[in-house]
Amino acid sequence: MIASAASTRFLSDMFRRIAGGGRQRAANGEDESLDLVEACHRLLTDHGEASGLVMARRILDRLEALERDERQDILVQIAATFGPDEAKLKQAIANWTPGDVTTARALHFAAEPRSQALIRALNRVPGATARLVNLRAELLSCLAARPQLAGLDLDFRHLFLSWFNRGFLEIRHIDWSTSAAILEKIIAYEAVHEIQGWEDLRQRVGSPDRRLFAFFHPAMPDEPLIFVEVALTADTPEAIAPILKSQRKGLEPDQATTAVFYSISNCQKGLRGVSFGSFLIKQVVEELSRELPGLKRFVTLSPVPGLRSWALAAAKSGAVPQLDEASLALIQALEEGQALSDDQGQQLRRLAACYLLEARRGAGRVADPVAHFHLGNGAELEAIHLNADLSDAGQTNAWGVMVNYHYDGAKIEERHQAYANSHTVAAKSALRALASS
Amino acid sequence: MIASAASTRFLSDMFRRIAGGGRQRAANGEDESLDLVEACHRLLTDHGEASGLVMARRILDRLEALERDERQDILVQIAATFGPDEAKLKQAIANWTPGDVTTARALHFAAEPRSQALIRALNRVPGATARLVNLRAELLSCLAARPQLAGLDLDFRHLFLSWFNRGFLEIRHIDWSTSAAILEKIIAYEAVHEIQGWEDLRQRVGSPDRRLFAFFHPAMPDEPLIFVEVALTADTPEAIAPILKSQRKGLEPDQATTAVFYSISNCQKGLRGVSFGSFLIKQVVEELSRELPGLKRFVTLSPVPGLRSWALAAAKSGAVPQLDEASLALIQALEEGQALSDDQGQQLRRLAACYLLEARRGAGRVADPVAHFHLGNGAELEAIHLNADLSDAGQTNAWGVMVNYHYDGAKIEERHQAYANSHTVAAKSALRALASS
Amino acid sequence: MIASAASTRFLSDMFRRIAGGGRQRAANGEDESLDLVEACHRLLTDHGEASGLVMARRILDRLEALERDERQDILVQIAATFGPDEAKLKQAIANWTPGDVTTARALHFAAEPRSQALIRALNRVPGATARLVNLRAELLSCLAARPQLAGLDLDFRHLFLSWFNRGFLEIRHIDWSTSAAILEKIIAYEAVHEIQGWEDLRQRVGSPDRRLFAFFHPAMPDEPLIFVEVALTADTPEAIAPILKSQRKGLEPDQATTAVFYSISNCQKGLRGVSFGSFLIKQVVEELSRELPGLKRFVTLSPVPGLRSWALAAAKSGAVPQLDEASLALIQALEEGQALSDDQGQQLRRLAACYLLEARRGAGRVADPVAHFHLGNGAELEAIHLNADLSDAGQTNAWGVMVNYHYDGAKIEERHQAYANSHTVAAKSALRALASS
Amino acid sequence: MIASAASTRFLSDMFRRIAGGGRQRAANGEDESLDLVEACHRLLTDHGEASGLVMARRILDRLEALERDERQDILVQIAATFGPDEAKLKQAIANWTPGDVTTARALHFAAEPRSQALIRALNRVPGATARLVNLRAELLSCLAARPQLAGLDLDFRHLFLSWFNRGFLEIRHIDWSTSAAILEKIIAYEAVHEIQGWEDLRQRVGSPDRRLFAFFHPAMPDEPLIFVEVALTADTPEAIAPILKSQRKGLEPDQATTAVFYSISNCQKGLRGVSFGSFLIKQVVEELSRELPGLKRFVTLSPVPGLRSWALAAAKSGAVPQLDEASLALIQALEEGQALSDDQGQQLRRLAACYLLEARRGAGRVADPVAHFHLGNGAELEAIHLNADLSDAGQTNAWGVMVNYHYDGAKIEERHQAYANSHTVAAKSALRALASS
């Protein structure tokens, strides 16, 4: 049985699936002995489009009914045997003329592994898309143990990039009038600031000064792909707790000047590599601007997930020149949970600035994944806040530090280009100065 | 300006597009000098996903605003210059190991022409899918004159096959409560038995004993892809006029024993090569069976579009042994519009049987396209009717002959397999005898 | 069989009703002998709420299946016999204390004729509301011939006033995406400027610079109650033809400064005496103001339905002092279809001003019903146009004259009050001067 | 501030209302001094329909913003001063001719208190219906203390009976795809077997073998009026706990033979006297029968709310002959919480049978309200179960006793008539014997 991404809570789903599975098994008793790989081959060679639907459904049902290991074994066999037609490929290579688009394209089609055709054929079954996304989620989860699945994963990724094209997605405003079936998934999928139950959820989607937007794909109408949570405020927030607390004094939306993106969560593990985030943010900016002309600023309140592990590694390796004696002492104090002096606070802000602006991955992009995301979208690093996220995760990842990124309409494109072309980081000059002090 | 498939009637669409275009031109005055090919290159090399949306929209707007010839020139340039990365492709060929799936897949990806990425990038614009389908429709219309577009057409076809996968389509029952915007397209797209206006349409979609089902894609919610018209009857019909006439005595749906598929129309020229018909028929059989358990038979009343041209050609060439003297006399009588004797009527039926069962295309499939479609779906040729379609088209294509194909649930799969594997045609033995008499 | 208000065109409705009726008769053969008046009594005395549904449905079905005369006979019997409980009423009168609300209310309830309870009981059947509205339409149509139905009509009117309370209505924007089932009713119900078919309809609902809004009741979701047609323009129009013509140069909605209400039609004859017009106009002003902030003026282009008949009567009677020699000559010229001189044109405008401002009904309200409606809503008479409606109706009713009423937001309330309290007519001073010249 | 029926949980509603109220007060500062009674008079005398909307909204806003006592004072003034027009009433009485429907009807209309017109005028404001229902709920809550409101209550009741006519209601299947805004009201309104939170709710609405149906009025789209919870089972249940428990082995709906109505809750206190229950049950039987042809039995598992109080009173008064020595001992044992012997168990069943079948209210209807409801709908008392409801409420009201009523399609009408006409109770003969033993 494939575990759904956000497993244990979806009892109703599970129930239905088990029940359905049971009925399936009862009805198709013979399927227990269905040779899945053979059936997949027949699915591709048979010329009847509609009759293939029945076979495709049987294959999906049977695959899901298998034990995890058995299912992965089948995937490995498929990965190994559904390559391209060797003879045609050989011929296409022979025909290829350098610089000629036509023979190159022929080569492209000849080299297409039949596993792609197989995935497309399985997708024809109504409702199959979500099942294929779950199948890839499992594939990804066992990729380390079964590296021979890497190619099949590329096929999934290639097709999902095409199928989940931005043009096919729809944005929805999730609020308290949304169905419980979707809302419980929001609870389950929130990955940044955990939702503590239905009352907490209502605070986040039902309050007039809170918004939640999500992308959906029409073939998976009850499954959010990604969502962003927004707080409408009068000021740029410096900590997460006031945003999340349940007994707040609300703000009339038309009094708000600032929209704060305080949480962005990808929902589908099976869609790794298919990115929706920047499209979502740009569209939410558009939607909110239209609805609330009083909004003047769009900022984030974001975690710094890599700060602590970077600092600890840097302290160990000594490879970062800015990590002077004081920095090392600070890190030790932080690790021992000591209260910080004002000076140490300032030092921690300097450490964070240094990490965000200067720590890079090989290619030159900044090391912090959240920073990379927002800077790549054209935002500017605006402020660094201490004691801003006192949750376990906030402490474990960044000693409580959070930051604001600012999306300034007029400069987004220019900043995006500068980062895209040369990894130039947009940051307030004070932060830049801090980092290099 | 791209003409939409069913052009002249869609005044409201046109109006909107012209207006929008005008606004567009006013707003983006500089776009008149936009270098489209250069813009397409930038769209692919720029790393910003969301900023690309603006550029993609500008490219689509500009492309559509061009004159037909200019636009086709641009397509030719794109076809010529958006091939794969030559260096990577060369390397992938060098790496390829015969029999190895991994290097073959790498070759597949390396050989992908960038024109595919370009089409995917353009599709990100909300509403772009329908515009790309229209673009391909134009491309197809000029393919004979500009054969260098053939490769780009393959890219479109490849992507459309993936995007318009059966799993993404939704079936809708079109009736008199459907929006006028969709109904006017049904009028425009009906390709078999022309709809004579709104009253005729109401007869076909609003009568209790008539049904119309269509497939839609979520990204083109107002554009039917294919539709089938169904009459619920007490008997298998032998002519089309009684089905289409406006003053009929209606049948209570629950009194019907027979569902007659009397018209199937593909709506989107730009989706040539992406076939929906067999899925639609099977699903409509399912829907109707569920709703009306009294239905016992599913048959068609179908045209024989290739009969006359085949017979005339055969008469000329003398290549068909069955065309004896009597046949030639019959053909002459038909061409001269003489009334037929009973014997001649029987002879015309024999000629039609002969054509449907024995005329083949090279590969062995039957020559008549409608016969090929239904036989390939597992139907059986059941009856041949004279004077069944007295319209101009019916006379011009088949001297008024129409036929019934019968979808017999229990035998569909077997017949489909027999035809798919060896082009064995399922036909009533009387018709078989007639053909070989 | 009750004819629906806009009868002959609704073939699909008719078909369904006939079919249903047939089924009904077949199934409930015994109903032919159902004693309807007796059944109505049982419906009221039986204490079972749900079992009453079956009886109520049978009564409605049987009533509708009767011939017109028979049905009206039944209504007369109901009117005569479903009065209040005499004993209780007598007692309530005896108990009544002048000035005491409690005994007055008791009297009110005791005096309620049981025909009201009967109508409420019939309405419980799903879909019955529209059938009861049709029933009253028939009742109204025969009221002159059967005056004994007047009381039953009051019961219907009283209940409909309560049921069709503004708070229960919903406004809908009717456009080209509206269902054909509703659009065909718009065609049928347009009472001011006839709609010439589907192309004309599309011009009126599908053009970006045209709007149509209607009120609906939730229990009659496919039946508009009233609708108003709006043209978005750059100027105040002086004639109807340019608004209705099919080949217009459209205006971008956001360029419009003026919203012109050029047609208002009540749809349900059975709702006579339940007025929706002023609510609809006020709400449409609100909707349009919100959507198009550029709109500065809300005016009508209205017929003057009573002008000619008033003038002819006045000419005959000599009772209107303003009708001098010249006026009489003008009227004769108009009746003979002569072309008017400029002077005569001005004289016709004077005649119209005189009629609109000074002709009154007994109580003081202006005589022209359209003028009464708009003035009562707080509009001002702004301009009088010659040759503005050249249709047969326009000539027959008002020798082609049309007028503009102006809804000036700041003054609507004051003008409404002035007219409501003392029938003071708001009109441009030039028109006032013209009338008294 | 009017407390909504299920008050404290609806934080989001409250929030919105408070916020709205605040805005209201800010915007309409002068309203604090609005003379409400005077404003109500103006609302009725003013002739402008649409301008009345503004005044009506102000009245409602102001009424709701008042403190409870002030608001009730206003209601008392309205009740006292909005009687009928005395002069007209006097005249109508004088005109009345005994036996004449016309003058009786005139009297009815003349006697109508203007408070009814006032309520209708207030209802014109969009969304007002729910507010008026809440207003009556408050009125009912203070009726004992302010008996002079009784007449005004009758006006509300009379209008609500008309507005909430069965023909205007819609049934909805509430499930896990229903909006959270409605589901939280289901949690709040469940009055029989409390819902313990969202997980419990999901068990009741999301499990394949559980159903929940509710009636809604279109003017209150988010407010259920009444709902019934149904369990699909293989047997008639004898206790409530197995139905409510969270870890159940589910049943495939198409395996179910029995539909158990285990909870019916009225939601709107302000609709007291407007009964929906029997309509709902009959319609749910219809819906389920259509969906699940395998269902053979429709039964309830019902509380016996009046058993214990009746028995205690009877024991005290000695007025019930069947209460012999043993009964009195049993009651004492029950009150002391002793475990019952088998004999005592049987005696308790006898006591319950005796209560259900023989305890009557004055008019002859059975004393138990739930029994009265189901017997009145045509059900039969089928079985009595001990230890069937171990909750506090179950013990307090009925020492844990529950019963089944059986809705037997063929006999419903006859039983309903027998009870309606002569209060004849349908009960299994064994129970009848038990009661009289």
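The chains carry the letters A, B, C and D, assigned in the order they are written, with residues numbered from 1 in each.
Following the convention adopted for this analysis, a contact is a pair of C-beta atoms (placed from the backbone, for glycine too) under 8 Å apart; a residue touches a chain by one contact, two chains touch by 3 or more.
Remember, it's a predicted structure, so these values are computed and weren't measured experimentally.
Enquirer: If each hop has to land on a touching chain, what is the smallest number of hops from chain B to chain D?
Expert: Each step joins two touching chains, and the minimum needed here is 2.
Enquirer: Mind checking the centre-to-centre distance between chain C and chain D? Centres are C-alpha means, answer in whole Å.
Expert: Comparing mean C-alpha positions, chain D is 38 Å from chain C.
Enquirer: Could you tell me the distance, in whole angstrom, between the mean C-alpha positions of chain A and chain D?
Expert: 48
Enquirer: Cα centroid separation between chain A and chain C, in whole Å?
Expert: 57
Enquirer: Where in chain A do residues touch two or more other chains at once?
Expert: none
Enquirer: Could you run through all the chain pairs that touch each other?
Expert: Pairs of chains that touch one another: A-B, A-D, B-C, C-D.
Enquirer: If you look only at chain D, which of its residues touch chain C in the complex?
Expert: 46-51, 53, 79-80, 82-84, 86, 89-90, 93, 96, 98-102, 104-105, 107-109, 111-113, 120, 123-129, 150-151, 154-155, 158-159, 161-163, 165-168, 218-219, 275, 278-279, 281-282, 376-378, 412-413, 416-417, 420
Enquirer: Would you tell me which residues of chain A are touching chain D in their complex?
Expert: 11-12, 15-16, 19, 23, 176-181, 183, 197-198, 202, 206-208, 222, 250, 252
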